[in-house]
Amino acid sequence: MAVDPSTLDAMPFLRRLAADARAELAAIATLEEHSAGAVLFREGDAPGAVFLVLEGRVTLTMRVGQREASVLSLGADELVGWSSLLARRRVATALISQRSRLLRIEASPLLELCERDARVGYAVMAQAFEDVSDRLVDTRMQLLDLYGKGASR
Amino acid sequence: MSERTFKVDLMTRVEGEGSFTLTVRDGAVVDARLAIFEAPRFFEAFLRGRGAHEVCDIVARICGICPIAYQMSAARALEQAMGLVTTPEIERVRRLIYCGEWIESHALHVFMLHAPDFLGYESAIEMARDHKPLVERGLRLKRAGNRLIECIGGRPSHPVSPRLGGFSRAPAKGALRALRDELSRCLDESVDAARWTRTLTMPELSNDYVFASLSGAEDYPLERATHVALSGRPSVPVESWGEAMVEKHVAHSNALQATLRDGTPYLCGPQARFFHHRDKLHPIARALADELALPTEVRNPFQSIMVRAVELAHAFADAIDIIDRYELPERAYTEGAPRAGVGYGATEAPRGLLWHRYETSDDGSIVSATIVPPTSQNQARIEADLRALGPSLLAMDHAAATVRAEQLIRSYDPCISCATHFLDLRVEREASCE
Amino acid sequence: MNAKPRLGVFKLASCDGCQLTLLGCEDALLALAERVEIAHFPEASSRTDAHGTFDVALVEGSVSAPFQLDELRSIRARSKRLVTIGACATAGGVQALRNGRDVREFIETVYASPEYISTLDASTPVSAHVAVDYELRGCPIDKQQLLEVITALLVGRRPEIRDESVCLECKRKGIVCVLVKRDEPCLGPVTHGGCDALCPTFDRGCYGCFGPKERAPTSALAARFARDGMVPVELVRRFRGITGGAEAFRTESDRHE
Amino acid sequence: MMLARRAQLERLFELAREGGRALIGPTVRDGAIVFAEIERVEQLPIGWRDVQSPGKYRLERRSDDAAFGHVVGPNSAKELFFAPSETLYRAERRPDGKLGFTAHKPPPTAKALIGVRACDLAAMRVQDRVFERSQFRDPQYGARRADTVVIGVHCTEPGSLCFCSSMGTGPRVTEGADLALAERGDELLVDALSPRGEALLAQLEATEASASDHAWLDAAMDASRARMGTAVDVRDLHERLYANLDHPRFAEVASRCLSCSSCTSVCPTCFCSNAVERSDLDGAASSRVREWDSCFTREHSTLHGHAVREQTSERYRQWITHKFGAWVAQFDSSGCTGCGRCIAWCPAQIDVREELAALTNNDRRTPLPSARSCDASQDETLVPRVAEVVSVARESGDVVTLRLRAEGFESFAPGQFSQLSLPAIGEAPISISGRDGAEVEHTIRAVGALTDALCKLEPGEQLGVRGPYGRGWPLDELAGGPVVVVAGGIGLAPLREALRRMIADPARFTDLRLFYGARTPDDLLYAREMLGWVDRPGFRLYATVDRASATWRGHVGVVTRLLKRETVGDRARAIICGPETMMRFTVDALARAGVPHDRVWVTMERHMKCATGLCGRCQLGPYFVCKDGPVFRFDEVASLFGRQGI
């Protein structure tokens, strides 16, 4: 059930954690493989697990009226489902768009671990913060519609 | 009881927006109204407080078709108020640029606005399909007038060089000479054009007019005068013209209409000038009038197109003579110090006499301004003509009769925008939107 | 090309000088009539179509009476492109000199029976009321620029009319600057070109027929005039002229009042 | 040096006008001493001087009858050679639909100039460099300039606005003239500076000047230098200006500046121009007309409908940093000759000498690139050649690729661009997206009247083409190591031919990665062609879109996100083309991945109106984007990149 702590080495931010902290984290993580088309969670679902992509591609989609629009795809080393860390409902649907290997960590044991071990807590939160920040910048760029008609070139 | 109403809500081929209504009941005209639709622009009001030197630029904007007339009447009046005396050289340049305006305005009216009525077209552009040489001739003559104005004043509408005391810059001799060939060719063409007007079918109408035109100068009246000559009555000094005629604000048309003090409508414009000053026409134009067998007293308003054509030739001939004698004046304008005073200025706009009165304060700013444009002076006369025309329309089909009435009004070359510093649409619009 | 594009010429409060400019395109007038259907141009033709639809509507004049507002909205609704021609339509015109003053008192000055008169308090440009596709400046407009606007619209490009100062035109023509050589007040530095520097060519200062250019730093010019001895009342008049209703000029004249 | 009576001027006039030459010299007209055609000596401004101060110019009577006792008037020789307004060519669409372009040639008029000051001679040299000795030669300028006889005058009485001695251009005439005169009462000291000058001088009645004459002239020149107005400190002026691009003085001067263009118009070296389409009413024919323009007009910096330099402060900065700064990098000399015209004719009375001092009131310096030498100039008539559409490929909703049959693209380098034109509509720079034998491809997006019309062309139709222009991608410098290509939107077009060549050369390009971002999957250009490349060993394609439906299995997100996931390695080199914002983020992402600025190349955007560096529109600091770019190594432009109002 629990994964080998060395699996966590794949994630740069976890490599920096002390061995015991990594082991604690590994203990609450599971490894999953999904083929394209699978859905990790759906928009509006209750909070659940946080995922780390080891390989493959997960696309976040949102419902716009009757249709489903892709807003971002995530790949290796990236975090999926961070909103569960805030105990919020899922804001987007996570769709496997390419066969993926994921590390699954349930939000409640993870939050407990973060509370208990500040080293893990800091690493996880720092990573989540960086991810969110990058996504914010990216989203702004997408909003700018740089390749649209009004924009140059 | 039979009643017929001839009505045009938006008169075309006139400058500005107007409408007319002519109602004939049991063979008698019960209503003849010319209404003018333009939003008031209040020139006389906002001129107050402006500097005397700004007036020529501002009053030009009263009319896009005869701005020079406004500039010249204003300059005359203000020069009188300020005691400013211009040089004879500069006076000749004034007459020259004014000739340009007559040419441009008369050519526009004869060929583009009025001729289509006689030949049965909706416009000169339509007419060009069948009468291209005629329309092209009109455009050539008009262009010659515009070029003359441009050379002296910079541009045909709202020229920039006319000012109190003269011009900001006098035209170079060479530049005027360069126009001579074109003017000379156009003079010949205008003579031909006048002969062509004789071939037009003139509707019958004979009215008894009081003709009012400027007088007091040795030449055909144009850019200066001392008196207003009236047929059958004593002439009136320009200074007293404001008292000799009255302007009244009539409800049906919401326009100021001028009549003589006793209520008699009078007519100004080409027929009036021709009546009083036929003998002062340039010999070429005088011979032309003789050739056309024009009576001195033109009682048929439709024949004004012939008089206008004679005046067109006169303006070309006059312009050429001035250019031939032209030397660059030493000074383009004379200057005067501002002072308090009252001045009157009257000149002959293409469509009739244009009278200004200004009062200045000692710093040279305008205390009051009164402007009486030709179209408001002719307006009562136009309505009288419509009344006279009415009975003859009953035998015609409605459309043709309406066109005939419009043609009559057009023969006055009414310049409605000129008149709009005192005209408004409201009343007539509401009345005609039944 | 299938049907000819339809052109309409409309008039609000104005002197007719701008539409006359179209008639003044002597050489080009008949050629233009070949290219477009002049569907409504009452000054030139008795065939009118006041209520039709237009590919291009040229609108002259300012809005200064209530009925003109309705007329204008109707023209806009029926026209693919609406082009304002001249200072009245783009800046309110010389009649905007009445703006901000007591109109009732004005009416009484001019009219014997003021109760007949209906007018709006201000003379305003067309763009204050409806969307305008292109504004052609000038009092009056320039013939060549008018043809440029029409030809450009016919081929679908933007008119090549530059928003540059009169100074640039003046210098291209080799005119000696009247402001520099004799302190003659000239609005050229802040005025939109298009007249080919007409006034300086005739040895006088520009009085702003084409309205303010973009970035018209009127206060810097007013400062120069004041250094040369111009008094406030004259500064007010200078900026409150033919295009005194235009924002930049209005603000500047108000500043000295 | 020879000594002659001043009366010999009559003879000199005769000689100068020989063979029907138009003689141009100073003369009084409209209250100023202007440079205009004259025929007789009496037309010189004899007994006149011009008194000048900021924004003021007055003629005054002198106490003597000196003919050259004045300084410079509002105009200069510039207008004689660089016409204020001129037709470049006429374009015609014949009834059979074929196009014709006819160059307009100015009538050759031989000229003689008399009374030219050293400052104005320097200005003529500066303009010669701009129009004749840059990469492109302007034939219209050349035709007017050729065979001009020049008679200079040593400036013995400078005005208070003169600062030629600061700029090192005067007061003494040392070059650029055939003859140099000095007026001394009723005598002339005459120096021949060219063989033609020698020949002219030989025909004058003159005697050898004495040592005391020489000494008099030297002393007069010294006195003249001493009498000049405020001096300008020119040491490293260009570097000091570029170090002060954010100086608060720019905002201050903008409150006084009218942005009226008077300074640039009277400047004898300013060369910016604008070309406009003047179409005939029937739309079948048009002329392209070039007119003096100015960096003070909004349109001068307009790009896609927006002005790059919207503020007066930005325009003033462009003017002063170009004239005294960028010019040095572009033409190896200052653009200012110290004639003082921009001060005298400024309606707002701004004195550039004061502004220069205020703007450089510190020790900061920013080095500028040194001027690129130009060994060979090529004639550039700015007249299009006729090209014919061979085929049209629709790439996406509003993007098409036109395959054209056109001559002159043999030496094309990937990354270069063409000027495509249609009569009556206009001309625009369009990057070349491919070449195949005698056929060139341009991928065009319909965003305006011209591009709309270009996108609607059909096979067999014709258009105008000029080019290729500009500096392309540095393929040789890229070879050997990993290459990262980053493209955004239609930015892939100028990269396509470079990609093709790299794909076709696996030996030199073993590791080639293309990161491509588009708006939607439908907007991905050349999709089929790219799929063909994927099999090529060592090539990897990463495409991403800003938005997609859920059925899209590819990447969604910005292109930098993809870049972040990849290890590009610090040996990599990168070339980027896309919107400026996208390029800025990409450059940062690359820097984080270890790719320094000097291994990144970007394409810059400016309005490349003439494409030859002659119109002045495309300036970006010290560069003309059209000929120094559009491809720049990033470190060359890093300090200007993304900066507002430059």
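Assorted remarks:
When the chains are written out, they are named A, B, C and D in that same order, and each has its own residue count from 1.
Just so we're on the same page, a contact is a pair of C-beta atoms (placed from the backbone, for glycine too) under 8 Å apart; a residue touches a chain by one contact, two chains touch by 3 or more.
What you see is a predicted model; the values in this text were computed from it and never measured.
The chain occupying the central position, as judged from C-alpha centroids, is C.
Relative to the C-alpha centre of chain A, the farthest chain centre belongs to B. A straight line joining the Cα centres of chain B and chain D is 54 Å long. Per-chain CA centroids place chain A at a distance of 52 Å from chain D.
Between the CA-based centres of chain C and chain D the separation comes to 35 Å, rounded to the whole angstrom. The distance from the centre of chain A to the centre of chain C, with each centre set as the mean of the Cα atoms, comes to 62 Å. If each chain is drawn as a node and touching chains are joined, the picture is a simple open line.
Contacting chain pairs (ordered by label): A-D, B-C, C-D. Across the complex, chain C is touched by residues 29-32, 34, 55-58, 73-75, 79, 84-85, 255-262, 265-266, 274, 276-283, 291-294, 297-299, 311-312, 344-345, 347-349, 424-426, 448-450, 452-453 of chain D. If you check the complex, the residues on chain B that touch chain C are 10-17, 38-46, 48, 50-51, 54, 57-58, 61-65, 67, 108, 112-113, 116, 122-126, 128, 132, 135-136, 139-140, 142-143, 146, 153-158, 160-161, 163, 167-169, 247-249, 251, 254, 256, 332, 403, 406, 417, 420-422, 424-427, 429.
Residue ranges of chain C in contact with chain B, taken from their complex: 11-21, 23-24, 26-27, 29-30, 33, 38, 41-48, 50, 64-65, 67-68, 93-95, 97-98, 101, 103, 105-107, 109-113, 116-119, 123, 139-140, 195, 198-199, 201-204, 207, 209, 234, 237, 241-242.
In the complex of the two chains, the chain C residues touching chain D come out as 28, 31-32, 34-35, 147-148, 150-152, 154-158, 160, 162-165, 167-168, 171-177, 179-183, 186, 188-190, 203, 214-215, 217, 220-221, 223-224, 227.
Per the touch definition, chain A reaches chain D in the complex via residues 36, 57, 59-61, 67-73, 75-78, 95, 97-98, 134, 137-138, 141-142, 144-149, 151-153.
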